[in-house]
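Next up is a structure, given as structure tokens.
Naming follows writing order (A, B, C and D), and every chain is counted from residue 1.
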Amino acid sequence: MSHEVTPQLWTGDYYNEGSGKDGLFDKLKDECGVFGVYGHSDSASLSYYGLHALQHRGEESAGICVSDRSEFHYHRGMGLVKEVFDKDMMASLVGDIAIGHVRYSTSGDSKLTNAQPLVFKYRDGDLAVATNGNIVNAPQIRRELEQSGSIFQTTSDTEVIAHLIARSSKDLVEAAKDAFNRIVGGYAFLIMTNDKLLVASDPHGLRPLCMGMLGDAYVFASESCAFETIGAKLIRDIEPGELLILDEQGLREDRFEEKKHRKSLCAMEYVYFARPDSDMNGSNQHAARKRMGSRMALESFVDADIVTGVPDSSISAAIGYAEQTGIPYELGLIKNKYSGRTFIQPSQELREQGVKMKLSAVRRVVEGQRVVMIDDSIVRGTTSRRIVNLLREAGATEVHVRITSPPFKNPCFYGIDTPDRRELIASQMSIEEMCKEIHADSLAFLSPEGLITAIAGNNAEDKKGGLCLACFDNDYPTRTDFGGEEKFGCSC
Amino acid sequence: MSHEVTPQLWTGDYYNEGSGKDGLFDKLKDECGVFGVYGHSDSASLSYYGLHALQHRGEESAGICVSDRSEFHYHRGMGLVKEVFDKDMMASLVGDIAIGHVRYSTSGDSKLTNAQPLVFKYRDGDLAVATNGNIVNAPQIRRELEQSGSIFQTTSDTEVIAHLIARSSKDLVEAAKDAFNRIVGGYAFLIMTNDKLLVASDPHGLRPLCMGMLGDAYVFASESCAFETIGAKLIRDIEPGELLILDEQGLREDRFEEKKHRKSLCAMEYVYFARPDSDMNGSNQHAARKRMGSRMALESFVDADIVTGVPDSSISAAIGYAEQTGIPYELGLIKNKYSGRTFIQPSQELREQGVKMKLSAVRRVVEGQRVVMIDDSIVRGTTSRRIVNLLREAGATEVHVRITSPPFKNPCFYGIDTPDRRELIASQMSIEEMCKEIHADSLAFLSPEGLITAIAGNNAEDKKGGLCLACFDNDYPTRTDFGGEEKFGCSC
Amino acid sequence: MSHEVTPQLWTGDYYNEGSGKDGLFDKLKDECGVFGVYGHSDSASLSYYGLHALQHRGEESAGICVSDRSEFHYHRGMGLVKEVFDKDMMASLVGDIAIGHVRYSTSGDSKLTNAQPLVFKYRDGDLAVATNGNIVNAPQIRRELEQSGSIFQTTSDTEVIAHLIARSSKDLVEAAKDAFNRIVGGYAFLIMTNDKLLVASDPHGLRPLCMGMLGDAYVFASESCAFETIGAKLIRDIEPGELLILDEQGLREDRFEEKKHRKSLCAMEYVYFARPDSDMNGSNQHAARKRMGSRMALESFVDADIVTGVPDSSISAAIGYAEQTGIPYELGLIKNKYSGRTFIQPSQELREQGVKMKLSAVRRVVEGQRVVMIDDSIVRGTTSRRIVNLLREAGATEVHVRITSPPFKNPCFYGIDTPDRRELIASQMSIEEMCKEIHADSLAFLSPEGLITAIAGNNAEDKKGGLCLACFDNDYPTRTDFGGEEKFGCSC
Amino acid sequence: MSHEVTPQLWTGDYYNEGSGKDGLFDKLKDECGVFGVYGHSDSASLSYYGLHALQHRGEESAGICVSDRSEFHYHRGMGLVKEVFDKDMMASLVGDIAIGHVRYSTSGDSKLTNAQPLVFKYRDGDLAVATNGNIVNAPQIRRELEQSGSIFQTTSDTEVIAHLIARSSKDLVEAAKDAFNRIVGGYAFLIMTNDKLLVASDPHGLRPLCMGMLGDAYVFASESCAFETIGAKLIRDIEPGELLILDEQGLREDRFEEKKHRKSLCAMEYVYFARPDSDMNGSNQHAARKRMGSRMALESFVDADIVTGVPDSSISAAIGYAEQTGIPYELGLIKNKYSGRTFIQPSQELREQGVKMKLSAVRRVVEGQRVVMIDDSIVRGTTSRRIVNLLREAGATEVHVRITSPPFKNPCFYGIDTPDRRELIASQMSIEEMCKEIHADSLAFLSPEGLITAIAGNNAEDKKGGLCLACFDNDYPTRTDFGGEEKFGCSC
């Protein structure tokens, strides 16, 4: 393996000393975000603002590649969208087709070379690829390609698609269809050549991807919040197995797989990842989260003085819980919005004296109170234990933890960076044991039915509400056994 | 006048094209924040984390000056605390006394030279000063000092204090008392020499300043949220006219003014400035804001489908309004948390196409709904009009604006950057006219009594609840007529 | 084609307004420099100091890749060695095998993606490549590879080698031999795998490459000045067609081509490129340049008052001319050593008023004097004309130009960035015409025999002194007609 | 004392481990450089290019202050001119009067606050000051000013002048004259107000300062090389005791001291500091240095094989020595032109293995040779010893050191950063002892008469040739005993 060494942007998070690799903030990692434009002369600027709206899906690197119909112009860098691009750079990204990408951070593979869009030269010219998701059988395909002489420049599985297309003797669209039929996984793909844009969603629609219009131009994004930002109108979600082709003939709606699977959109997008103002499958995220909170209240009511949510993701659910129960919603926990990258860690000594920067409990609010603490999920349990402790140290007399999703027991193969099953506390302990482990007075999880109903309503077309719940129920929509090293992350 | 030219950190805010100087976000500016430590070997680190917690009070520049009892070590820079300091720099800030400062941004005087703490050499050694607030008669004093041969390096009025102290033939404490008796205004001052720390609040206690302890060390901050961050315990607020002296004899509680005025803490700290987890005068900010929302609901109820707050400052009040009325609180407006400095502005063309980055209305939430929009204040009216329009464009059928403070009619002389009276919409129009101007279906302001009750409760010691309400009721606690140029900003 | 957009490091050179693309400084571009280490635990640091000594061969980008025997660690960036690497980065480059590269600047292809060493993953693990030189038939091979499905990430021809090796079913050494036999050109190659280092020079030895030892470790560099810097001992030059293999068995001296061609080292290395303290083929560069100046004096003496050299490259030759003739050497021209990248260009108006930054004539020295101006070569003629004019404006009464190489008439196919033949002034004009064009009083070039003698002495083994003189005599050591686009630059 | 902590620009020089504070490069430090413009609309750009030409006089910080006749605009920063200023910044420096400054580096006081021009506000508006030199009695004056209530923001003595002017009740010109009459020392001063430029040289003319014209505009610079760069014409040197006033009436030539002292320009400007293309007192620096070399040859001839100079300062003298003796001038020592700031130091281990970066001996040139090594001065002796060793390690059989100035025995009080007398090797040892100490085969210094003749010719107006030779002959032109701490540096 080779490790690119990049300038240290992250000084890390001092909570990282925990048992799990992320310590207090062992939250599931944001995945990546993709954005595409076809037919707008300002495609680079639209991508810039669109990616900015998708920034929560990946803070590590950002990139935009533009085609002016004869050449590509691109730039990628480590950091936030606003840090990676400056005015001069934007001015040189000229063209009316664009794809862009924001990438989440992992400790091991944080490198510029992996920043997307990946850009290649092949037989027919230039080729750029941006993706969100994971290809389960990428290691196998990669090994085959290497055996027949391919060389790879990234550790990203995304490069596999480019090789499969380049090796085909068919035209681009047919080559792409063949490639998508070779790969197994959950993904949203944007592929650009000098004059075409291809847009694809995996056969189960595991990762979100939607289409919008801005005047006559087509835009594509992982979440609809990106459309609102640029003034575009949401048209529809990309369907499982769809392949859209945009070229001089306009939009062609095609499929790479005939058989139609039921849709299995990642439930964690609703629980945690997506921005609250995004719509997916016709549901608004904030509204769905409020319903999760309401439903939670019905399923696991507890008498208390205040309800508080772990910021930012569980605020909506906490308000739902408060509205349903009449227990007042209070700001018991607060997050410093200036934290994040480039922060100097406190010394061990200062940490022992109580220095904390990212999350604090508000003593005046919680002191002497029985607190319902709403959170979205428990991964390793370390985060939950520390937040419960923060509340207790600030004087809470009781802390009742309510999790707005079922126990997270199984790793994700479709793009969410999850630890090995043995590190997932819910796969190792009963709820009672977990309650004790996190020092809570009581602990409850939302039922799968409750989650489905909160997201999709009662009139959901199928009994799983169009969702993938594999991390909760172990029912994976695809094969996952390819005999290789298991990789539970995003290939993007 | 002289203008220092500094590297462009702010690319500005594209809403700035508005009539007022700040366009959509013509919010009152954050003031400055101060932080001090006496008697902790890690005083620089504590200052770093304390200032980080006070970052919302000033994003433009940051500085820390430390005394190791024989020498000062200091650094100041443009940007956020985490941008200004790095590890190597922190390592060289050695000493057990420290004062620190974060400064807010103004267009005209954005320069490194004005970054605090100001550091001087005088007869008795080194002198550093950090302040939050404004000295009303600083221009007059400055002119006198210049006439007798003083030279100034900053445009900050804070430098006046250093000259007054240096010119005195008395010892430091007496010189400082004389100086504070010369100046008129609202301020919180931290003054450090090689072996002493002086802490002072103006005779009316206009600006917040509190004391905490961390083990045996004393800490001081504009807001108590800074104590929570470093694990320190809030002891009390500094009283009007107090002068605390910390030296080898420990803490001495003195006064520079015998006469005790009633406390007149800036009401806008509760309405808008302070962090929701800070306590002032014994009230928690989030709780006070919720009470403002509840009281608003009682004073000016309107039938509607949803309540939404303008983020971030009005979320607490909106929840209070929703709880009181039973109208559900929804996320009708969302702010991009990655916005801010160093962002590239969209071109005029893209803006016309609807590109927006900082604040969006959530269509799915507001479409077809009657919306109660809670905001904290109206300054020029341009912001309110645009947010109302954002909601209407997203499909709101009615927009009812509720402002959780009385009409803002008078400029502040005590450190809040306000425009000239003629630009304050509430001093120029009736409420009906303002309602029309901002395109709202209805508009109401919280009554002064409502605000006082929400902040201080019914059992407030005096009828104004210990607050300065001059911006609402024109009753200024001090003389304001010093015949000079009126300056409505922070001298820090 | 695709263009990576990188942050603007070069604000360019204001002389660039000239007819040729480089204006006054239409000097031949520095080529690239390579450096390698085998068997030293501090291989990254040695590479850092070695590349620093080779910095004159490429100021645009720098990179180092290190193998710790199981993994690669690498970093590449735009800028000087000292700008690209910092301490933290160096600390993470752990391993005892290393290759490094500095790259010269061209306007069109200035991009990070092309920065070397190129790093790939292939069947047998990791592969890194660094080169100096040019592969004449690279476009053809590249097209063939693309036709059979290869994708390329760079525009660098160097990538071709990696594909050829990866596609072979033979072991690394045999695969490399096959690859070198496929390519035609002038090159010095360093190829690293997880546990091996391969070192190769083209069959004619066109580009310089030498071997040294530091204790038991082997080091390799484009020029021997890099050895002096790190305290290593120069052992010998790499011979034409040689392939050195370094692995756990130590050093193996092999060849990829049986037939031994006569050595044809680029004469321009002596005339212009190499650092004066480097030795090549047993000759010291400074000494060779002094001999060129002496010989020039014998071939084309002219009576004058002072001799001056165009800095920095022609100082040695000017001293030689002065010593031979007895005319005093004076500092008639001076170069500002702080110029270079990131400089702000003067406006057109200021240029007309005479602002110049890089090169000035010293009025006091040249006023009223007859000047012999020594330069190394004339490419387009624009530079020479401007320097002659600088001298005249400073009061020189006569300017006699003496060029220490023959007329440069033919483009280089072996790595030196030369313009098209039609832009080479010597291929378009007689010496008399050129003299008039550059406004000189007289103009003379060194004869080919003079150049050979100055470099190789009289006892040179062959009549060309082991040199390639194709740019002067059109006698190219290899085929150059591959029917593709002619590319006169460095593939590195 | 207070220490401003600035971002680490210098990683230092690894030779610094030596006995003296600067180790191998214990050269005398460059002093500062000043530049001024009156009456040119592009005054900031001219200052930029002028300071760039004076960069060798100070690499630590740079600053420009411009007056547009009503306001000042200024910027100062750490680093080279080209690093401190960017295009946007230059665009905002609007005005037709400007003063600029480059500052040399000292370890203790490297801070942004001391970067010049210093800018103040006083009774009559704005005041900016830039200086080169030292005020011998500044500590005394400073103490008096502090006693009467002045506060200082810098550790620079330059601030004293501003206070003296501000405290005066006279008009600017008279106040400045009084101020210059109070101070004792060697200095070149530029003082700017909103509409005036004052230019002054100390009563003995110790520091260089000259006037030029560019069209109708006046320009001022420490060295004339700055005029050549901007296309201006050198008019004359500023005379001892002169005070030039430039305002709306044009240029007024006045004096602040009636008595005319003989001129005593610092001899070290010729020996070491000034750029070779500068003229001072009518002599060109390169020419003077060549004459020093020639004279040296006559005074202390030694039979040898080659002559080499220590770059960059002694190249001219070495050529003079070679021309006079007929011994060939060779490149025995070479300096890496890319060295300097931001370089990573080799570890102790690598240093022991021989890694060196800044200066190397050229083995091929010196091996087996008897070498005459020309250097300009010996301060502590450590540098000379190491260079002699470099030559011996590279194979020199004999090393004869020739110093083109007399033994440096006495500290400078007029702006050159010299160590305490006890650290000056020439004041502690005989020439024979020094020769042994530096491991040379022979050592000779230029005689004072030789130096005077080389610089001023035989027809010098006075027997010291208009020079200050105090560091050689202990004859200081001013009082130096002010009972305070002796400070041997530049107050700028």
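Everything below uses one rule, namely that a residue touches a chain if its C-beta (ideal position, glycine included) is under 8 Å from a C-beta of that chain, and two chains touch if they have at least 3 such contacts.
Note that the structure is predicted; figures quoted are calculated from it, not measured.
Ranked by distance of CA centroids from chain A, the top chain is D. Between the CA-based centres of chain A and chain B the separation comes to 36 Å, rounded to the whole angstrom.
The distance from the centre of chain B to the centre of chain D, each centre being the mean of the chain's C-alpha atoms, comes to 48 Å. Chain centres here are Cα averages; for chain A and chain D they lie 60 Å apart. Contacts with at least two other chains are made by residues 86 of chain A. If you sketch which chains touch which, the chains form one closed loop in which each chain touches exactly two neighbours.
Residue ranges on chain A touching chain C, taken from their complex, read 1-8, 65, 70-75, 86, 88-89, 92-93, 112-113, 118-123, 126-128, 146-147, 149-153, 155, 162-163, 166-168.
Touching chain A in their complex are the following residues of chain B: 11, 42, 45-46, 48-49, 52-53, 55-56, 80-83, 85-87, 90, 214-215, 225, 228-232, 275-277, 279, 284, 286-287, 290, 312, 316, 319, 322-323, 328-331, 334, 336-339, 342-344, 346-347, 349-350, 353-357, 360-365.
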